[in-house]
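Pasting in a structure now, in structure tokens, and then I'll have a few things to ask.
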């Protein structure tokens, strides 16, 4: 190694950590491929984009701050119901303001919940998130007069985006719109993880007991990222409502909370792209396997999860990174 | 904008070509069901009904071949059902969408039927409002008010004056509670108490004890099929709530064959309302039942099976009537007013509401030749869903 | 000379029990500005416990702690650090996957209250990075500044412990066996780094090697069974018979 | 008054079922820190073995119970030796992902062999109906459940307190490294404990059929209840699991009885409240 000028070295190195690589450029260009290659898969693609955004929101807390959650559907569902109720009960179907409000509502509840979350660790943390998720589900079921209960909320209809683009049957609008929101959400998340705040989160993940000894009020950091993550999950939920015109209790279900964690670990945590890759692999595999056999597809998904753990302990993206010899 | 138009043109061209090419000899039916997840059993039974109909009547109709495209929601998941319906139309070029064991999934897919102008056959989802969501929906299953309003009326006429209702705390349960209470109170009866049990409820003892405390003349029960019927049945008998001291009324799920096997003699005397009665002695039904058991390793058909079976019948007959025209408008016109003899008994499609009209059977669990059966004690013919037009 | 300096840290009758075991018995200490004090005592004397009490990791059952004249007994650990009370750990307590430059920059930005800025790229926090690199250079860690901590040599990790503490710009620095596990020749180097710390920092260090203690400490506090046995200048301790009996008698490496 | 007694009794019996299902997970989680979300799958296996033994072999229920225990224990040994062993040092997330994968596979396999239908069993006559004690009718099967759970608790407590293996297990739960230092073969102890815990889950699955039924979704559905018991009770503690399970069972049933409006919330409210008050669970240490 050639010695670098003492001050330039760390700056250059740190700048390199957050620089856009050509992998990323290629990846985002590739997200446009469905328009050309799989035009009949655009609705699936839009749901993949939504799941990816949701998985990114979980990656922010799980992958970067080490908060394991089995109840993040709480915020996804809040966003979904916010948009749904706005349209069905108040007649407001404007998509962009709806999304912002979905994020705000979910973020607000996330902020309140974060006071509980930072009090517990390990198994207790997982179980508290799980408990809160179930409480939200049961609450939505109990408030059938508002939410429509298990039948789902009826009467949701979205206006055209910026007054021009109608949500069409083929999913052009849905995918374009979801992709743009995903990209924006990704940019926000990327900015966060590459900031000094992101560094503090990694510090918490790496060694939470050291944080107070360097003067860090880490529970405030945790509350902050939890709130941001909740807001992002809410946006993802709102997006689902807007692109499907439906909201059912399943947006709040334990299944959804568990699936998103599975997607994230599958792809690889703490990398943002792992969340996206995991969502793609999980949902596409599921779609294709269920197409072959609608009854037993989860056998193969289960096998996939086991194989990934045994042979790619850092997720699929971690495995790929290792193959190409890149630093984590 | 320009490129977007270009995509759209290419896509539309591609689509119309594929749909056109397909339309020559096959009729594609997209089946949307929760094949995996908590409602997998419903999906499997419904699919078995569909398969039996095709096996029996061949896959050729009106000169075309029937082809099924199955899609799993893993649900209840209205958003997935919506997407799958969209994909079936756009990607697979189906002519008809069918299935729908669960109300939220039918509601999710309904707008697609309207937009794509495709016939949508709801084979089970049992909430009244389902058929109102699109002009292209027709239902071949049952509606909960249809079964329970008439049942409530009959219950009062049979001499019961006071009843307690205990239903699962979700859409269908709420509907059942409302429908039974409406029929019962309109006839002159009184509801002395009403409780709702959590949908994912492993243990009923607390609720049953509440019923016991109220000591009503009769209790009306609605629980989803699966594990809960046997569980609540046993909890009732453990608390000494059993006919004839306390009458037990329920929708037919409570006494399905597996539940009867598990409950044993304690099930005797339970009275249920249903549109399909397994042991009803009728040549059509006997043949259907035996063929079904043979094809499914001895498993008996249930409400899902008969919904799927009759749903296929409706599709076949409608296609014959339109001579193979698969447009949604032609098919829905053909379906309106259609009447036929099903293994469940005579049934028809209401030309106004496109909803199912059928006989409601009141049955009592009795021992016949050493086996517990639901024996029909009363029939109410040509029952329509009482809620249409009232909401 | 140090005795004329203002008192930076004072503990008044600190007491802590773990069940029936008394691990701190009315410990009263004063650290003037710029001091170089050593805390010695046999294993289990309660030295680390005392540091944990002072830094707020443990709550005392009785007694008070003053930092630069302010009572900080009820102040959370992180806030004490921000007020200028830093420590290192006997067992490496680092961030394995972070590089030293990242870890120290983190500590600097926590001090400067910019660690919560999530909208600015880390690499644009130039001042924090400059300062972090300056600290690393001072502690001879510049060469490994961009390697993950877990790949560093053990001695380098010990230095990083100190670097992290320095990044908080402490007024009082408590070093819990900074040379623990470090070979003898390297530990001398390590202490020469400590000796070279800014003169206005008050340093209290735990160390077993009496040669090092006598060389670097101006005053020595001997802790036995949770209580202060002796608190005196190095010169006086050398000749104190009690210290020889209870502590040195047990062997300097006890 | 008699209402209260019967509600407490029913709740306690349900709690005991949860106890048998979950105690194994509590001990293995406490010992090896291995997060086994497939624990419920062993319960499901026990259930299906019971159904097979009773239907195909025509053997009585009381014979099916030990068969369920043995089958689950035996399979768990195989899986522990071949698969789980590789994951002890893997992160908790990988353990979660892997064992969820097993749940998926187990569910699919159960569907393949048994279909999605409910599997009813016919209890022997002496377990059906009710017994009247002091004018209150108690469900016979629930009495049986309580008796079995108490017997298991007694055996476990006795075994852990008084036997050599028990002492080794205690040592391993308390501190794995120290136990290893004392020359104990921690992996072997863990293997045995794991088999025992899975066997108990299998037994729990067999006992559960009568109360909650059995179908392929069992593994996933009851996982949630098992996790709640384990976290409320505290890891590695048999007493904790017992008290946690009893508390949840009674809380669930009593809540539904007295305030049915929030019946479905109560179990989760208890969960969150207990963990915020005592993050390590009621009897958790460390």
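All chains are identified by letter, namely A, B, C and D, in their written order; residue positions are counted from 1 within each chain.
By our rule, a contact is a pair of C-beta atoms (placed from the backbone, for glycine too) under 8 Å apart; a residue touches a chain by one contact, two chains touch by 3 or more.
Since the structure is predicted, the reported quantities are computational estimates derived from the model, not experimental observations.
Shared contact partners of subunit A and subunit C: not a single chain qualifies.
Chain centres defined as mean CA positions place A nearest to the mean of all protein CA atoms.
Ranking every chain by how far its Cα centroid lies from the centroid of subunit D, the top place goes to C.
One finds 48 Å separating the Cα centroids of subunit C and subunit D. One inter-chain figure worth recording: subunit B and subunit C are separated by 73 Å, centre to centre, where each centre is the mean of the chain's CA atoms.
The geometric centre of subunit A is 36 Å away from that of subunit B, both derived from CA atoms. The set of subunit B residues that touch two or more partner chains comprises 37, 40, 43-44, 169, 198-199.
Along subunit A, residues 138, 141-142, 295, 298 each make contact with two or more other chains. Of all residues in subunit C, none touches two or more other chains. By the document's touch criterion, interfaces exist between A-B, A-C, A-D, B-D.
Subunit D contributes residues 3, 6-7, 10-11, 14, 111, 115-122, 128-130, 137, 139, 142, 210-217, 221, 225, 249, 252-257, 260, 263-264 to its touches with subunit B in the complex. Interface residues of subunit A facing subunit D in the complex, by the touch rule stated above, are 62, 68, 116, 119-121, 123-124, 126-128, 130-132, 134-135, 138-139, 141-142, 254, 258, 261-262, 265-266, 269, 295-296, 298-299, 301-306, 308-310, 313.
Of all the residues in subunit B, the ones that touch subunit D in their complex are 37-38, 40-41, 43-44, 169, 195-203, 205-207, 209-210, 213, 226-228, 230-231, 234, 237-240, 258-259, 261-262, 264, 266, 297, 299. Subunit A meets subunit C in the complex at residues 3, 6-7, 9-11, 13-15, 17-18, 191-192, 194-200, 202-203, 206-207, 209-218, 220-221, 224, 228, 328. On the side of subunit A, the complex with subunit B involves touching residues 35-36, 39-41, 43-44, 47, 138, 141-142, 144, 149-152, 154, 169-172, 240-241, 244-251, 255, 290-291, 294-295, 297-298.
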